[in-house]
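To keep things simple, chains are lettered A, B and C as they appear, and every chain counts its residues starting from 1.
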Amino acid sequence: MASRSRNVWRALMAEPLGVMGGVIVLSFVVMALFAPWIAPYDPLKIDVMHKFSGPSLAHWAGTDQLGRDLLSRIIYGARTALGVAMTATGVAGLAGILLGLIAGYGPRWLDSLLILCFDSMTSLPMIMFALAVITVLGPSTGTLILVIILVSIPGYARFIRAQTLSLVRSDFILAEKAMNASHWRVILLHLLPNVVGQLLVVLSMDIPVVIMLEAGLSYLSLGVKPPTPSWGNILYDGYVSLRQSPGMVIVAGIPLILATLGFTFLGEALRDALDPRLQLRTLT
Amino acid sequence: MSALYEVDNVSLDLAAPAAGLQRLLPGVAPRMTILSNLSLSVGQGEMLGLVGESGSGKSTLARAMMGLVDITSGSLRFEGQPVKTRSDFVKVRQGAALMFQDAVASLSPRRKVAAQVVEPFQINGVPLPEGPSTATAMLERVGLSPALAQRYPHELSGGQARRVSVARALALNPKLVIADEPTAGLDVSVQAEILNLMTGLRRDLGLSFLIITHNLAVVRHVTDRVAVLYLGRMAEWGPTRAVFSHPYHPYTKSLIAAEPQADPRKRRANLALKGEIPSVLARPPGCEFHTRCPIARPCCAAEEPAPRMITPDRMVRCHFAAETEQRISGGRHGTELEH
Amino acid sequence: MSETLLKVDDLSIAYASEQGALQALRHASLEARAGEAIGIVGESGCGKSTLASAMINLLASNARVTSGGVIFGGRDILSVSGEEKRRLRGRHIAMIFQDPMTSFNPVLTIGEQLVDFQDQREGLSKGEKRAEAAAMLKRVGIPDPERCLSRFVHELSGGMRQRAAIAAALLMTPEVLVADEPTTALDVTMEAQIIHLLRELRRDYNGAIVIVTHHLGLVGELCDRVYVMYAGEVVEEGSTEEVYHNPRHPYTQALIACDPAHLHDHAPVLPTIPGRLPDLVTPPMGCSFAGRCARATGHCRSVAPAHVEVSPRHFARCHFAQRNEARS
């Protein structure tokens, strides 16, 4: 695998937008991991005396309506955003792989049954579904993650199923069967490696969508509960106090935009780099 | 020569792509016959050629022999044992190997050559005969550099990929190798190399080969016997030399006549066979070849010809085989196709 | 001798690659004359596809012309640009590909496309263009042209697709028709039918046909002249009759010997060409076939042979061309 990962790396590095995306994503990850060391203040520390202070040397991004340091809240918000997005897409991706492989490789009736489930799931209006679940379970970060997982599984599973179906009829799978390969071997050694790469790309491009969703639901007070710092919460606070401090909305918007761009660039570059045939073309 | 793999009276039907409401009515859905009452046997240490145009069912037969598609009726026997159940096919797949037409596509795209050639051992729980260097030894046996072991399938040339699939086919010391178009898409000199490799293996290891191809030149040089398939039915079979020098079936004759000549002095004035192989969905009644046959008469459309044994080792299915036989034994070689 | 329509003159083409400039074509020259069919044969990597793409000016973006050119109508077509280039291609020089699927758009009917291909013809109504298309389909042996016009390319069989592609290429009555492996994807019977068709077309069409293939049989059946290529060079050229029966270059001799179709008896061991193509990033300074040639001497390895005329219009790029005896 070494030479191959090196090739992928090289192809990735050859793409300037990919490099940029990588750098952005990496800085957010560093921000999230080392938030306590990077953030200049405690994000929850209230200092009403200095509320709505604009950017200053003491508070680079200013403070909010309770005088909390915005930069620190953004840095801790990255933790929430990436934590929610990565957990949710990760779990949904794994479930999608499992269900998609079963649907694509398994017997026809099971495929039909699973497709029926996926379709009924996708036919529910997402916001209504989210509202229903949140009403039952109460708004919290956990509920938010659960909702995101539930709504994203059908898409991933369908994606994996479609890829599996096209691979199942290919010669190399038939060749495996002609050598007596068991179903497990076919699935784990030959189907999985060929579908997982493409899904990784989809997942990395979905992370910004989930970050947006988390921000959106938190903005609607249905997601991460205040005072936990989340970009959505900051955006909401900024919206409420738009008159007093118009800068807050912008400050909360920038990381959202950056994260979206970063993950999208990285995902696109990853898609090109992971395709061995595409790689060959760039080399010859 | 005793039979290694016998295919006896095998038929294979598939559900035809049904239109609209037809699909909902069970029993009404049309079936298409891919193989029909096909009999064939590969002898021990024999090289048998199976020829026919695309759509004649050659590849389907190969897959049915390996249990990759189910036959509708008839029977299969491998080494004298009937092959019916899943566990029978497990045994067949240990004693016989299938090489696919598209060698690159038959290798798993994200695994290295080294991992792929030793797969038959791992799958069938056989210890690697030469330990960790087995892959290298296997590649060397088919004339490949061990350095190729570290490559991915898409990094191989057509000839190299073909050799890798030969190496993998030989892993478990099979008795039979079924090779589907082993030379398709290769340069002439590489074609010759692959054929030499196969004939060498047969000589050294006593392997049997079933070579499926539409390239008559390949069949002519390396096979002992040849079987001609048309629209899922056997048209003719017999010793290669005899079939090529005196084809009885007009289809065999046309195939031989259609072969391009690499010699401008032997240019044919007219190229025999008109039209295309019919679809299995619209199988002609009677003799299925009558729609393109240069010697067809009204009875051909009405009646199916019965298999006829010209000699104990030659079969032909044509109403006029007897006439052709007379002509051949009378010393006049069938020339009606050339005019 | 008829008029020369297309002339490749001392053409060299290199591709940019990671290892350096890959010299895919080196000083190749050929002529396609009116009413003549020429064949370009060779194995993978010999440069025949590069030569074919140069003839229709469809070179890959990393290709660079390092010497010579392709002369058509008194001009080097490799130096024209844009609209002019498009006009030449199709109108004057047309191409048939190995996979006819690539010549047609999958979402338009054959008829719509055949009408579109005539967009450079003036003074014809749409109906007339359609009638022209139907006539051309009939001409290439499609039994029910009207029905074929309303079909999509995936609904046709392989043989019919290739016929339709030939019809599309001929619609604009091009002076030069380049066919790249036109029968490789077909069965032996369909191949024979296409050969037959091309042969018939040749008879009444006064353009030049260029067949690019690795298949000696196809050239033998169809072509008047043949150019044998090896490692980017034309190593032998002459009338098909001369080259097939009196080959003077050891590569041509070996190629003919190892073609299974050439042998008529059961041959358990077929001749091969041992060795490998030389690296074209740093082509050998001597003869490019020296590494695989049984007759090669030190001289062969150090001095590149000239294109020797062994008999009128029969050339071979070999130091021993005069002495290499005819074998058959």
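Please note the rule applied: a contact is a pair of C-beta atoms (placed from the backbone, for glycine too) under 8 Å apart; a residue touches a chain by one contact, two chains touch by 3 or more.
If you're wondering where the values come from, they're calculated on a predicted model, not measured in any experiment.
Undergrad: Find the chain most remote from chain C, comparing centres computed as mean CA coordinates.
TA: Result for max centroid distance from chain C is chain A.
Undergrad: Pick out whichever of the two, A-B or B-C, is joined by more C-beta pairs in contact.
TA: Here the pair linked by more C-beta pairs in contact is B-C.
Undergrad: CA centre of chain A versus CA centre of chain B: separation in Å?
TA: Distance between chain centres, rounded to whole Å: 51 Å.
Undergrad: Measuring from the mean C-alpha position of chain B to the mean C-alpha position of chain C, what distance in angstrom results?
TA: Centres of chain B and chain C (C-alpha means) sit 31 Å apart.
Undergrad: Give me the residue numbers in chain C that touch at least two other chains, ranges are fine.
TA: Where chain C is concerned, no single residue meets two or more other chains.
Undergrad: Sort out for me which residues of chain C touch chain B in the complex.
TA: 43-44, 157-160, 184, 187-193, 195-196, 214-221, 240-241, 244-245, 254-256, 258-264, 266-273
Undergrad: Quick one: which bits of chain B touch chain A in the complex? Just the residue numbers, please.
TA: Interface residues on the chain B side: 63, 66, 68, 90, 93-94, 97-98, 100-102, 105-111, 119-120, 123-124, 150, 152, 154-155, 168.
Undergrad: Hey, which residues of chain B end up touching chain C in the complex?
TA: Residues 53-54, 157-158, 185, 187-193, 195-196, 199, 203, 214-218, 220-222, 240-241, 254-255, 257-268, 270-274, 276-277 of chain B touch chain C in their complex.
Undergrad: Can you name the residues of chain A that touch chain B in the complex?
TA: 3-4, 170-172, 174-182, 185, 189-190, 193-194, 276-277, 280
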